[in-house]
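Several structures are given next for inspection.
Both complexes below contain chain A, partnered by chain B and then by chain C.
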Partner chain A sequence: MSPLSLLLVFAVSAPALAERPPPNPDPRPMGPPDPHLDALAGASDLGDWAVSLEAGFPFFGARGQVALPWAGLNAVGSVNSALFTDTWALGGVSKRWVDTHRVVLSGEILVGGTIRSGDLSRRGPASQTTLRLARGHGRVVPALTLSSRHVLLTDVQEIQTAEGDVVQRSRSIAWSPVASFDVGVGVCPGFAVSAGLDVPWFDPPGFSLPGAHINLIVGGWK
Partner chain B sequence: MSRFFLLLSLSPLVGCVNSRTQWVEVTVTTELIAPEGLSAPVYGEWNHTWSGEGELRVPLLPFEDFAAEGPGLVTTTLLVPLDGVEGLTLYAWMDLDGDGLHCAPGVTDEPAGLGEALPFPATEADVTLSLDAPCLGAEALWDGG
Partner chain C sequence: MVERMITPILTLLLGCAEEAPVYGVSFGGERLPVVDMHLHQGEWNLIPESTRRFLASRFPAPLGLIAESTAEGSLNAEGVLEQLDEAGVIQGALFAVYAPRTVGVATNEYVAEQVLQDPERLFGLGSLRLDDWNNDAEAQLAGLAATLEKPGFIGIKLAHAHQHVRLDDPRFDALWSLAAATGKPVYLHTGSSPFPNTAQDAAYTDPAYFEPIIAAYPDAQFILGHLGYDFINKEVGALDTCVELAARYENVWLEPSALGSAGSDPTGANLLTAYSAMKGAGVIDRVVYGSDGPQSPGFVAEYLERSVAAMEGAGYTAEEARAVLSLNFAAVFGVEPAPL
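Up next is the complex of A and B:
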């Protein structure tokens, strides 16, 4: 049985674990937060936070978010690695742009850095722009994530000449988009799991293998 | 917690350089010596004498074309990497029939030679190349370094 099927069976067979009050469509339901919705939607309500731990192929990582008291923003920190050879550490802000009873759409801008080891090693400051679309608000939350990653690569050439040493710098930008589809399931208040598929595209136009992952999600509120 | 995220995001910024490579700009004075009475354009290639490491270490890796109007002194400026390579060696041959090919079928007399530029690494080096080996390739002239 696949992990996704296991999650769905669990969600159907344990309805009493997370009985929730009737949804309040304007603007968010009352009661405890949905950590899986918050994590998959990319932003929490004021006073809420969510942390997710991801394991799979090729990605492993951790992501945390906490609502800030300004303009509906969330502070976000993320560490993500593809097979522990292509690691990204990013921090930034996210915000829910659309938040209805049925749909949550959020945007996210992160900056930080990346280090890749091996024959295709590279490092540099990086950014990630992400759109997250989640179907809320319920025990089962499907979500689509589209990310665009950029790395600024600075290459330095130190040249010995007869007139003295010369240093030349060249800069380029590497782009790596990633798409993910997740299904999150609330297990109990403050705890959820999700499973998903990843379609990374490392260094286009080269082809990259798709992947899959599972997430453990915890969340809290003030 | 937000302070943790701030530190997390700033930590990888230390060391923003993707790669750092070292090069030397070498002005090489080449003396081309041809068999007596022969004069024709000379073509060839500059090689890294050695490149690679371990089992992948190989001699004579071409990286730049060479051309001269004929025997005599020729000055060339090359930009040579210093990472993963050693030495600077010139292979050249004389194009007696003017076809741009070294010893095309039916041609057996176009002389070739191989010589190492010294000192290296340095910004100025010299190499003397005797074109005295008809129709031999660089690997046939290589004496093992």
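Up next is the complex of A and C:
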């Protein structure tokens, strides 16, 4: 079992928010939405939403989030697949823990299920805990994401004996952490792209190859 | 002016082109040809599910998720030849395998097709099923005899532990007679095996159980693969037995494949022990190099590198290394010595 992943964000020191209105005494940002900031930060401002589509090696996926009117929470849905073979479908909530308008730290808890086909097939209920650190830097948003994914596996062993079949079940939890570093760039209001590197760890302790991806991000406000 | 432009373009293109393979290895200041007598290929779907899972789990993730397509690239003759080129190995022998409950099946027909992809560089070792011997012995022997007539087939491959037959099983006299009559050496897997469902008891893995057959068929040549290595515990296993058998019987040859891989012998100490033991027993003239590749990209080259290091560590001369790496292959299989 793994410890909960920790999230660190390295902010880029440069004039920020040059294209934004002056800082507001209200810690909640105002003005046009930054879907890339919201998506990479893992949670949108109240009334906002963001959807991202990811493609790369090994991951492909889609993720959506929409701010809820309670306690700063976001509803999150995510479908992610490694090589279209190891697929995770999850839903849950996220929340900005730290929001200084330039630096956002958020946490996310998702539950759902995973199914893996092929020779290493497995399936079971799954969960994912994620920490994200992002910095709004004008149109450029660097972000670090650490996810800890778990799946509950049930092994079934059927033994044929003279007295009849015996079915034995045993349960185990498999852990698959993933770390990613992204840089998002706003293209136009409501649309952004990001590129990033992934360091997944499939089936520890075996070695896993690193990966890379690009994201298309759209967002808006109600 | 045009020439000035063409020259750098050609240089750029040629520089980007794939380099021609350089064959052989440097040893003691000499360049020695290399023949790898132990190579596998086949079809993924003919491997049992439990073994496919075992193999997939050993691929670097996430390639194990798409194990079939990952393996396809290295399980045919083209993939094997690429690995041989990368390693500088000039020739290699492909194994047919009939072990449906353990490592799977690579048919004689499939091997014959692969050998024909490059008959100058590839040889084949035929095999046969042993799991229904009481009922189909004649058919199996006839099939093997026909395979051995095909171009490029130079020997017979068996793996008692994978095929679930004892090494001292008395039912196979006709098989040893066929080997003796055709002059085709028999390669035997010895030692334990990491593959699921392998018969791991000593009667299936310890070459001492095979001695009565070695003694009874002096005209048949037997190659003891893996030197009786214990792949489960990563120990030398029946190394001493193999070396003693080679010292006592002229028809016993030794093949140190797989045991020295990074996974089975991380420090290289066991491979060094094996090469030292063979040199100490004076049987270097019957040691035949093999890798057990291709396994994974780069394995064939890496295994050769580790084997050369072990021979250097054990004090082999260049001529002794030349014998191990190519001349003994020619001697036992009755083929022309490999060119450099």
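Everything below uses one rule, namely that the second predicted complex is superposed on the first by the 198 of 222 C-alpha atoms of A that agree within 3 Å, B and C clash if a C-alpha of one lies under 4 Å from a C-alpha of the other, contacts with A are read in each partner's own complex, and residues count from 1 in each chain.
Going forward, a residue touches a chain if its C-beta (ideal position, glycine included) is under 8 Å from a C-beta of that chain, and two chains touch if they have at least 3 such contacts.
Not measured: the values here are computed from a predicted model.
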Superposed partners chain B and chain C on chain A - clash or fit: clash
Which superposed partner A:Leu131 touches (first chain B, second chain C, both, neither): neither
Touching partner for A:Ala179 - first (chain B), second (chain C), both, neither: neither
Which superposed partner A:Gly64 touches (first chain B, second chain C, both, neither): first
Partner chain(s) touched by A:Thr114 [first = chain B, second = chain C, both, neither]: first
Chain B versus chain C as contact partner of A:Gly91, first or second or both or neither: first
Broader residue contact with chain A after superposition on the shared chain, chain B or chain C: B
Which of chain B and chain C A:Pro200 touches, first, second, both or neither: second
Which superposed partner A:Leu146 touches (first chain B, second chain C, both, neither): neither
Which superposed partner A:Ala75 touches (first chain B, second chain C, both, neither): first
Region of chain B that runs into chain C when the structures are aligned on their shared chain, from 3-11, 21-29, 57-65 or 93-101: 57-65
Doubly contacted chain A residues - partners chain C and chain B: none
Residues of chain B touching chain A in the complex: 1-2, 4-6, 8-13, 15-25, 27, 79, 121, 123-124
Touch list for chain C against partner chain A, complex: 49, 52-53, 55-57, 60-68
Interface residues, chain A side, partner chain C - complex: 58, 82-83, 85-86, 116, 118-120, 200-203, 206-209
Residue numbers on chain A that touch chain B, as the complex places them: 49, 64, 66, 68, 75-77, 79, 89-92, 110-115, 122-126, 152-162
